[in-house]
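Quick heads-up: structures coming right below.
Each of the next two complexes has chain A plus one other chain: chain B in the first, chain C in the second.
This part shows the complex of A and B:
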């Protein structure tokens, strides 16, 4: 019996860690696409850059986890800035395709340059150590959860600051924002860097959890999965992308048929959500918040 | 050797041009990045393959493939894009990506995950002069693309519909104030563009002698890169960019033997060009 319990909790903890990594990714894409209104179709590239940076620093240069993972975020942020500055000069449609192109080029670099391990990827990345032993998986989950909560608090603060206001002005009407004196390119790059570095951080956490990484983990399909979570939950809402990541991350794990037709379901969800509920589950005009508001205000109307 | 590579590159570039033209025409008029266009391309290949199996005549299967793709493109416009035009531009793009993924999965579920051989006898024969060879399917591609481009060019420059199409691409609102039925012109754009994609699907199906569920994946992204290279919505620019990419791929991989994924060439070219000409090769600001 205890053995079975350990098995179940081991499986459960795997799902929990996977879901929280996806939630972090969806949250970071939401900063770029939801807050600043810049579409990115290559978000998995920054996830990959983080994972590879952390893996190479850990296995190649011998850095400990506590250094390699923060550096993964820094490197992903720097690459995000380097790629973002030329990208963000172009119009929104060009940006969509350019970010998609970045995704392909980054995946090709991981796949074809031997330094990155090629198709075999990189192995031997372990869970972090603390107090002289290796961290257990539940502890690792708590660590990621704490970091994620801090990131959400940071997001809250940013949302109420000048940066948040500048982002929403760019999202609503870029030309008007520029006319009002908002430095559009600077704030766009800021969103891009912040989103990329959080994705890189998620990559670092993911690499140390998986213990080996391959280029295929960070391809276009992965970018679409992340986008799907954001769209499903509600672009631009604080909790929507996280809710989307939880639902879409857990569903394939608990149902075999959903797992088999996972890609079809993602495709249909993107299609149906945008066609009938463009705001996502938690968007302003969507059904769910309307029902919640109705429940909330009904008693006061009666009284 | 050089002429041989040139011919190979132009043959591949022609197919890219056929796929990309529909995409650029749709963008020109609706400002939508029609990612699912590559799904229409694969659908054309499947319809062509199926009708070839049924009827046994290649040319007939080409026409049926084009017609099927055209109808599918029209339906996508009517039921998915036109209700979304008032939303931010990201909405139709996401719908398009969702539709593309759904189509690929539908092909896999309906026709099976394996490749189907499209072994059609065309009746053109190979051509070889000295060491210069053109295979039957290469001649077919060059011939069909040439004919389609001539027809497209004639429609666009010599007919009233073509005039209306060009006017809509410039400014749909003004054009509609002159009494042109804009939604009809949009439908014509989708019909023509999708028929070309269907033709490209059938041609590639015969050229590679196979039809498979994810055959649209690479063209989906590559055609987008080509359309951007040519300057979104610019028809001559798109043809030029398609030929350039076809040649670049053939020469970089075939002649210089650089161990580089040929499919990344289009994107690297695109990113490089965008740095210096943010509106594409022939595009204007």
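This part shows the complex of A and C:
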């Protein structure tokens, strides 16, 4: 019985960590695509850059987790800035194709350059140590949760700042934003750097949890899964992408058939969302927020 | 002293001369009209002044400083605000946020400043000032996509004013407006001028131009064909020709 309990809680914690990593990814893509309005179909590339940076620093250079994971965020942010430059000149569908290309290139680099372990990937990446022992999985989950809460607070802060306002204006109309004194290039780069570095951080956490990474974890399919979560939950909203990541992340875990038909189900869900709730679950005009508002205001009307 | 001096300004699009050697200057505190038939190069002129695309040749000097080659956001920060011929408010932001975007021009250049909170009381109070100046009180919290055209045009002017401009470029402010709306907008443009902001006005509605401007520049096929008072422009044969075409040979005219 106790053994069974450990099994269940072990499985549960695996789901929790997977979901929170996805939530972090969806949250980071939401900065680029939701806040600044720049579509990206290659976000998993930065997730991968973070994971590989952390893995190589840890296994190859012998850096501890506490150094390799922050560096993963830094490297992903720098690469995000570099790869963001070609993205600054293109818009909409061209941007979608450019970012998709970036995703393929990065995956190919991991796959074909021996330094990155090729198709075999990189193994031997352990959970971090603290107090002279290896961190347990629940502790690791709490660590990621705390970091994620800090990131949400940062997002909230930025949302109320001139940076957030400048992003909104770029999302609405770049040329008009320029005419209002918004340095569009600078603020776009800022969104790419921040979004990429958070994805890189998620990659670092993910690598140390999986202990073994392969290029396939960071391919085009993964980029689409992240985008699905953002759109499903409500693009541009603060909690939507997180909710989307929780729902779409947990679904395949609770039932085997869903896992097998995962792409099909995601696709159908997305089609249904686009038809009936284009703003996502938590979009301004969607049913869920309307119900919540109704519940919130009903008592005051009665009283 | 001239606020804006344009000298020999030209623009070619793939060999097509959209603007050819145009020169004129605006004085401080005046409303200068820019008229001309469709395709004369009026909007091209605005897009060159506001830095949306680079000029092929010529010079643009604002307050004694060349602004040619500067980016659009730098030019707007220097004090040139503009509106668009086809309105471009930030559709999914409310009127207040639209104005705030422009108000933020002084915070954007510095990373630390741009991390600052924009919903501060003193800032919102100043924004309220722009809302009142442009008569948008009852629309403050409405998304601009839901507003009628006349109000959207006011939002664009309010937004441009929040840049604290010395010069406003208004691209056909009365276009598509009903008679009363257009009259109200003219009053607004006059009050803006009275506050010491110069206006460069593209307009198709001759009534509006003749009423508002003491001086008018006429463009046709990318060249300046006339400049002067409304009376002089009205009786200028070249201007009449540009608008109405050359008079036909006498026998055809009779027939």
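The rule is short, and it goes like this: the second predicted complex is superposed on the first by the 301 of 303 C-alpha atoms of A that agree within 3 Å, B and C clash if a C-alpha of one lies under 4 Å from a C-alpha of the other, contacts with A are read in each partner's own complex, and residues count from 1 in each chain.
By definition in this document, contacts are C-beta pairs under 8 Å (C-beta built on N, C-alpha and C of every residue); 3 or more make two chains touch, one makes a residue touch a chain.
The model shown is predicted, which means the values in this text are computed figures rather than measured ones.
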Check: For A:231, is the partner it touches chain B (first), chain C (second), both, or none of the two (neither)?
Finding: first
Item checked: chain B versus chain C as contact partner of A:145, first or second or both or neither -> neither
Check: Taking the superposition as given, does A:173 touch the first partner, chain B, the second, chain C, both, or neither?
Finding: second
Notebook entry, point to check: Is A:264 contacted by the first partner chain B, the second partner chain C, both or neither?
Noted result: first
Notebook entry, point to check: Once the shared chain is lined up, is A:108 touching chain B (first), chain C (second), both, or neither of them?
Noted result: first
Notebook entry, point to check: Counting residues of chain A in contact, which comes out ahead: chain B or chain C?
Noted result: B
Next item on the list: Would you check which partner chain A:94 touches, where first means chain B only, second means chain C only, and both and neither mean what they say?
Entry: first
Check: Can A:81 be said to touch chain B (first), chain C (second), both, or neither?
Finding: neither
Checklist line | Contacting residues of chain A [partner chain B, same complex] | finding: 33, 37, 39, 41, 86, 89-90, 92-94, 96-98, 100-102, 104-105, 108, 111-112, 220, 224, 227-228, 231, 235, 261, 263-264, 266-272, 274-275, 278
Notebook entry, point to check: Of all residues in chain B, which touch chain A in the complex?
Noted result: 27, 31, 33, 80, 83-84, 87-95, 97-106, 109, 221, 224-225, 227-228, 232, 259-261, 263-264, 267-268, 270-271, 274-275, 278
Notebook entry, point to check: Which of the residues in chain C come into contact with chain A in the complex?
Noted result: 50, 52, 71-73, 76-77, 81-82, 84, 88-93, 97, 100-102, 104-105, 107-109, 113-119, 159-160, 163
Margin query: For a test of understanding, state which residues of chain A touch chain C in their complex under the given definition.
Written below: 157-158, 160-163, 165-166, 168-169, 172-173, 175-184, 186-187
